[in-house]
Structure formats: structure tokens, C-alpha cells
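Order as written gives the chain letters A, B, C and D; numbering starts at 1 within each chain.
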Amino acid sequence: MRMLINVAETVVADALRGMAAAHPDLVVDAENRVIVRRDAPVAEKVALVSGGGSGHEPLHGGFVGPGMLDAACPGEVFTSPVPDQMVRAAAAVDSGRGVLFVVKNYTGDVLNFQMAAELAEDEGVQVASVLVNDDVAVTDSTFTAGRRGTGATLFVEKIAGAAAEEGMPLERVEALARRVVESSRSFGVALSACTTPAKGSPTFDLPPGELELGVGIHGEPGRERRAMMTSREIADFAVDAVLEDLEPRLPVLVLVNGMGATPLLELYGFNAEVRRVLDERKVPVARTLVGNYVTSLDMAGCSVSLCQVDGELLRLWDAPVETAGLRWGR
Amino acid sequence: MRMLINVAETVVADALRGMAAAHPDLVVDAENRVIVRRDAPVAEKVALVSGGGSGHEPLHGGFVGPGMLDAACPGEVFTSPVPDQMVRAAAAVDSGRGVLFVVKNYTGDVLNFQMAAELAEDEGVQVASVLVNDDVAVTDSTFTAGRRGTGATLFVEKIAGAAAEEGMPLERVEALARRVVESSRSFGVALSACTTPAKGSPTFDLPPGELELGVGIHGEPGRERRAMMTSREIADFAVDAVLEDLEPRLPVLVLVNGMGATPLLELYGFNAEVRRVLDERKVPVARTLVGNYVTSLDMAGCSVSLCQVDGELLRLWDAPVETAGLRWGR
Amino acid sequence: MSDTVLDAAFFVRWMTAAAASVEREAGRLTELDSAIGDADHGNNMQRGFVAVVKVLEADRPEAPGGVLVAAGRQLISSVGGASGPLYGSLLRRSGKALGEAAQVTREELRAGLQAGVDAVAQLGGAAPGDKTMLDALVPAVAALGTSFEEAATAAEEGALATVPMLARKGRASYLGERSIGHQDPGATSSALLFAALAEVAK
Amino acid sequence: MSDTVLDAAFFVRWMTAAAASVEREAGRLTELDSAIGDADHGNNMQRGFVAVVKVLEADRPEAPGGVLVAAGRQLISSVGGASGPLYGSLLRRSGKALGEAAQVTREELRAGLQAGVDAVAQLGGAAPGDKTMLDALVPAVAALGTSFEEAATAAEEGALATVPMLARKGRASYLGERSIGHQDPGATSSALLFAALAEVAK
């Protein structure tokens, strides 16, 4: 086990103590597993709460702060948090104008956030929820669990966060978040499996010289295994998979996201290929973000997310954000 | 080879194209391998130039921008850049108030920057150089190559960058940079070797269940191999190694730096242990930064850097910075 | 046996036996989840049932229904993932259906569990054949009309029957065709629950 | 042999033979650098000598000194790392020492190379015994007083002699005691240069 940990059982608790030590502008409740921005509840502001299994850092805890989330609820590694966390978070951040839950589409996240929404409303908090389901590797159908929520979660949390910061009411923040979801698609590739602390060995066996196409962010294998491809070939495959589903008529935000163990040097090289394909397909690029944002522990690989944006979405994307994982503007 | 690349030969050139596509506020000369902030030369400002082998991203290219570097010169992977690059960079950013070269202490970087300094001065640019040598794993002696330059490079570039932005003259910026060097020490640990594109296999053989203590950032083995240690034990070892050399009398900046493939979740957990040791040793912490900043491709592992700061250094640390890899302030 | 009446102590023994079995089999459950999921099902179940045993030791509910409601609530509050709300609702709804009665018959338990299984189906939107815990739960509850032993056997067979299925719900569905040939972890843990039930009923 | 005069064409052949040899042995050089350095020495030398051959083909300098100066400049501008400035200075300073002469003797070459080696020692601060290229260069240049063959042998022996040394300069020094038992990559590439020289002198 090549892990920088004490024991598997305390990985999440240890990380929360470390976050608390690093970020005085966050209130980290390590016992109840809730991360809240220190100035919450922010008066007259709709609050954003998200959460999910740990192992995807900086998502979600690294996106708590002005211009993005008001609170995050980290579960065990790759395991949705429990409803108690979201209820506690909602109560801590609600200013009276309501709370938006940003939920990645996984059965576990959906069910736990759903229970939490019912419980929070019982306690008098107005709750709306938006489901992120951007992964085109998974067929969307009512007979299945539907597309997974992956990289586009960052688009949703950033843009809805900016909308809330501007003082928009819950229905508008929710509608905007939904618009971002509809405008976003992603595709992921793994060059190695990841190792969860609990299992202590790779979640699947991927021999060097092969890669998995269409992976999610929980160490699950992809839709298809192939012989290793070049950066150029992967970009062609991934971008075309996204474009087939999205067919953008507007400029796009591009997220070239690392899964955790792929060097930034390689991610930038991959971005060059992504831009080349987009140029060839005549899709204008409004903004690009390259880095490890929605990770899968120590998995090697990457994902590409696109979000087509009109003037309003772009303005909200560019709006100031001040979190551990994403910062810009003034 | 689990790499997201085309061919080994074009890795750096591809990454530079990808940086150019992602960061319109940088001028990236992929052919001559120089990354310059778009508004350079900034009138009446001392300019900062750094560089070194590639594979340490975001260092140095990701630290080009207001409040930090004016230009960076990326070499081949783990290979110092050539003097031509630094000469070109210096000419591009010099406003007439001189250029400070920030050089990590490696024979290659030292010699190439030294040659560049001579050539640039021939062309009428005033050049000063500061050598970063923070790695306590290496004994400092005039009979050896001396301590390596690692994580503290970030402290130097940030603080000297802020000083330059404030309009300080070259001698003061240089003196401050030197003060940061003297106030900083680091220690690194590898849980796995890294794989360079050119070699295509791990630079050394580290069986799971063992770790290397006292590694640098070029995939070289460390001073000592041991049976795997817990996060707690590693923190004790690393922090004590640093403190033995530094003996801080002032509060410290803490950099808990990932080598590239260690999940942020684990780095935060490690930061909790680092903070615990510092508390036990009664060393007050002024600021903490946790993340992948000075990496070694896909190496798993981490380093701890401390820099003791007085009021002036802390003010310069907190000053606004606006680069791809480090951003804060307003 | 069919007329045996089951009291709260029986239900506590059931939950305790289930916890022990989950503890023993956690590695296998995670291994199964590793093949077609995210390698945490064993840990999830373990964390949940440790908490269940603890809460039942702390405040011993007096009725069978109370035991299941407390156990279900505890699972919801401590497991997370898909299995937390699903198993939690299974037990909570079953317990609610049993009401306040101090003792229940096997037939009453069957009817109670049927309500729980319906809740799982409603909550998760899955049906038998989708390669989920329902493929063990549904036949097990039906067979409970005959005997505890038959229920355990039916659950075990139901779990085995998931191997050739193509997953349509839960994480395994992301694998499409590649989910075929692996046993569903949730169906496997459901079989453990019914094996524990048969064991304590002996 | 001792009185053979060497012209610019000879020096171009030397550089071309060195390039071919570096090309052949690049894998081994990188492998050696992987053990006690950063696994790039083969690539560095390859990149440098490809550029040297290219520049010598483009503008053929007319004097031996000119060939070495051009080669050295090219190494400085295209290699980077420690070896770029060191090998670059070795050739450039040697070439400068040879001056404008259209032909040089072996003894003049020896004296020229001695100036180059002195530059390497001055620039890098190393001395023989520190486990660097100097451990091959210094004995090779001394033996060049006798013959090209002897120089090649001395360089090869000098490279082998680095195995038991503890590195005091360059990256290998970071390993401390662990640098013992490995052959220095730079000393090895220096031996290749002198082997190439003996080959073209045959």
C-alpha cells in the first residue's frame, strides 16, 4: 500500500483535521463531517450545499467559499454521505432564502440527498435540488440509473454559486443550475485504476499498455478496454463522444480534468490536443481550466468536460470565486 | 507506459501549446521555450525569471503572472534549460530596472543560469541571481554540490515577486529573496518512483511496502529506504529533520507539497500530522498551503517546507498573486 | 416452527448475527463490489451493522418492530452510499409494518418484510432482474411463507442468479455488458441477512 | 602516428563518430543516470550531438579549432542539464586553445583538450575522484600524449574506476553512500568520446 495515511478507518477524519488547519476561512466539523464557510449563513443569500463520497478532492470541500458552495458534506471514500450531514449543513447555511442541493447522479447520492431534503423541509428549510448527469459514457434512459455526475459538477457549483452570491432567489439559482447541467457533457479515460484505502489494492486490474475508455470517478472500470492510445487519439475520441451528445451552438467552457495521478505537464499536452479537435470541429472556446479538480484518488487519466455558455453563464463563470480549489476575480 | 502523451520527444512542446491555449494572459513561445506574462515588461518593475527542468508543474510556468514571476524557462523533462532561453526571457521582461534569476541549486541549473547571466549582461541587462537550496536531506558543504533546491522555491518566487511588484529595487528584491532562502528548509519522501517519458519505466525500483526518505524532485532515490511508515511517523521524521536545521524563532509558512500522484485527500491528512508535530514542538504556524506545487511527474509522496517569516515576509506572502498555479488577494 | 412467536430479543439476536456475518464476509463483499462497483460495499455494511449493534445494546427496544425501526434508522444515519438508504428503509419500513406488537409470528414477519421490500423497490426504482439486492430479497420474502430455511436458500439462490444478469440499476449499470458474469454485492449481503435469520431461528 | 596532422575534416569525422556512438549507447547512459541521477543523460547527449552534426553539416568550419568551438557552442545551446555547459565548455575551450590553425598535431590536440578539461574543472568545481566525467577526461587527456588508443583505454578505465567511488559532485552526490557501486554516466559518455576519437584516428 503506497498511501500517505495512518489507517484506512481515519482517512476522512484526518483529512478534515488537515483542512481545518490549512483553511481558517472554513469551519470544519470533523466529527459531523460538514465543511462550512466561516461567514455562513450569509444574509439574504440562497445557500448552496453539495457533497458526495470523499476521494474526489478538491471537489467538494475545496469549493466551499464566497462565490461557490456554502457547505460540503464529505462521505467515506467513494461513499455518499448520510442524510444527517446534509440536514446539519442546510441548517447551518440557510439565511431564510432557501438551500440548493447540488447532487451528482449516483443512486447513493440521490437517495441520501432526497432523504435529507425531506428532513430539512420538516425543519422549515426550503430545499431545491439539482441533479448533475454529464457523463456521456453512460446511456441516459429511464430504465437505467442514468448518466453519472462527474466533471460538470464544477461548472454547476461555480455558476450557481455566483448566481446565489448575486442575490438571485432560489428558483432562479435552481433554474440556472439546471441550465448548466443541460449545457454540459463529459467523458473520462483511465490509464490506471485507483487504490482505495479500504481495499488497499487497485480497484481493477489494468495492464500497462491498455486503457479504459468511459470511466467514472469511483474507480469503476470503463465501458471499453483498448490498447494504449496517444494523447491525440484520446482527445479525438473523448471530444467527439462529448460533441455527439452536446452539439454546442455557443462557445464552450473547457475543463481538462486530471484524475489524480496524471502530471500537469501531460494534462497541458492533452489540452493542446483537445483544443485542436475543437478547432477542427469549429467549436469556439470561451474559457479553459486545466488541472486536478474532480479526481478519483490516485487514478491516472483524465476527463474532458464541455459546457456551452451564453453571455449570462459566462459572466457568472467569470465572477469572483474564493475557495481552496478555485480562485479568481476581484 | 501509462502516459497521456503523443511521443516522448514532444512532451514539453505539447504542454506549452496546451498552456498557451489555456492561459490567454501568458505569452507562450513554444519554439524558444519561454513563458512570459502578457503585460511584460512592466514599467519600473524589477523582473523575476526562473526556470528548470520540466516535470515539476505548476513550477515554474504556472507561477508566471502579476505578483510572482515575469517569465519562466522550461527545459526538457528534469533537464535544466539552456542559457539561450534565459537570455531571451531576460530581454523580454527587463524594464530597465534589472532582472533577478531564481535558480534551484542543481549543477545544471546553476551552470546554465550562470552562462545566461553573463550573456544577458553583455546585452546590457542588469542581472542578479539567487540560489535556492532548502533540502535538508542533502548535507550542505563546499566539498559537495550542496543542498538541493525544492519546495522553498515557491516561497522565494512568491515573496520576491511581491517585493518586485511593490516597486522595490533589484538589490532589495535580491536581498529579500536571499532572506527567504535562509529562512526556508524542506524534506521530501517518496512512496513510489516516477516515470519519465524518455525512459518509460520507473526511475528506480521501490517495492510496495517500502518508502524512500530524503528524495529530491527529479526521480532520484532518497538518502535511505525504510519499511512503509504511517502518515504520523513520516510527519514526525520530516518535520524534525527540517526543524533540526532551521530552528525557527518566528512563525512559519507551511507548504505540504504533493509530488504528483498522492491524492489531495491524503495530503490534507498529512497536513493534520504536520500541524500536530509543529504544535508539539511549539512552532507557531502563520499560513499553510496544501497541494501539488513542486511536483516530480507521477511520483507518489510529499514534501514539507517551512519558512520562518517576520512581518515583512508575511505581508509579501499575503500580497495579491495572479498566476495559473497560485492565486489570492485582491 | 411456523407457530413460533418471535420477540424483541429474537430480533436483536438476528441483527447481532447479521453483524457478525457481515464482519466475516466484508472482504468478499468489497471484492464483489470492486469488480462491478466502487469497492466499498463490505465496508459500508460493516460500518452500518457495527452501529446497529451498538444502538441496540444502548437502548433495547421492547417490540420487534422497534428493533427493526431503530436498526433501519441507524443504517440510514451511518452507512451512506446506495445501500444505506435502501437497507435502512427495508428495516425501518418492515419495523413500522410490525407496529407495537411485543411478539410476532413468522407470517407477520413475512408481511412486514414485504412492506420493507416494497419500499426498497419504490425508493430505488429497480425490479427483480435488474441485478440488485431485490433479486435476493424478493424470492427470500416469498419463501419465508414456507420456512426460515427456505427463505435463506431462496436468498442465496437469488444472489447466485444475479451472476449472468446485465445490471440496470446502481453503479454496476455503468459497466453495461461488462457487468455480466459477476455476482451483485447487494444481493450477496441480502443473502447474508436471511442466512443470519435462519441461523437464529434454529 | 604521433606525427599525423589532423585537419578540420578529421574533427568533423570525430564529432560524427561521437554522435553515432552516443546514439547507440543512449539507452545505457540513461540507465546509468537512472541509478544515481535523473535518467536523462542519454537523451541529453543524443539531443546535443544530433544538433552538433547538423550545425557542422550546415557550415563546415575550416579549422579544427573552429569545429570544436562550433560543436561546444551547439552543446551549450541545445543540451541543458549539467552535461550541456560542461561538455560544451570542454569543446569550446579546447577549440579556442587550438586557435585558427588549419591542421594540428596529436600533441597540440592534447594541449588543447587539457585547456578544455581545466575549464570543466573550474566550472563544475570537481576534481578527479569525485565520480564525474573528470575521472575519465583527466587520464584520457594525459594518455593522449602516448597515443589515441591509449587515451581511449585510459578513458574507459577511468569510467570503470568511478564504480566504487562516492559521488561528491552532481546529482549522484545526493545519494551519499548509495552512490557507491554505480558507474558515473558522464564518465561513461566521456569514454565514448575518446573511443570515437581513437576510431577515426585509425
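The working rule: a residue touches a chain if its C-beta (ideal position, glycine included) is under 8 Å from a C-beta of that chain, and two chains touch if they have at least 3 such contacts.
Just so it is clear, the structure is predicted and the values come from calculations on it, not from any experiment.
Considering the contact criterion stated above, no chain is in touch with chain B and with chain D alike.
Any chain that touches chain A and also touches chain C would be listed here, but there is none.
Rounded to a whole number, the gap between the C-alpha centres of chain B and chain C is 53 angstrom. One inter-chain figure worth recording: chain A and chain B are separated by 29 Å, centre to centre, where each centre is the mean of the chain's CA atoms.
Chain centres here are Cα means. That of chain C falls 74 Å from that of chain D. In chain C, there is no position where the chain touches two or more neighbouring chains simultaneously.
Contact of a single residue of chain B with at least two other chains is seen at positions 77.
With chains as nodes and touching pairs as edges, the resulting graph is an open line. Under the contact rule defined at the top, the touching pairs of chains are A-B, A-C, B-D. Partner chain D is touched in their complex by these residues of chain B: 53, 75-84, 106-108, 111-112, 114-115, 137-139, 143-145, 148, 196, 198-199, 203-204, 216, 218-221, 223.
For chain C in complex with chain A, the touching residues are 30, 34-40, 42-44, 47, 76-86, 123-124, 168-171, 173-176, 178.
Residues of chain A that touch chain B in their complex: 1-7, 10-12, 14-19, 21-23, 54-55, 57-58, 62, 77, 191-192, 208-209, 211, 228, 230-232, 234, 256, 260-273, 275, 285, 288-290, 292, 295, 297-298, 300-302, 322, 327-328, 330.
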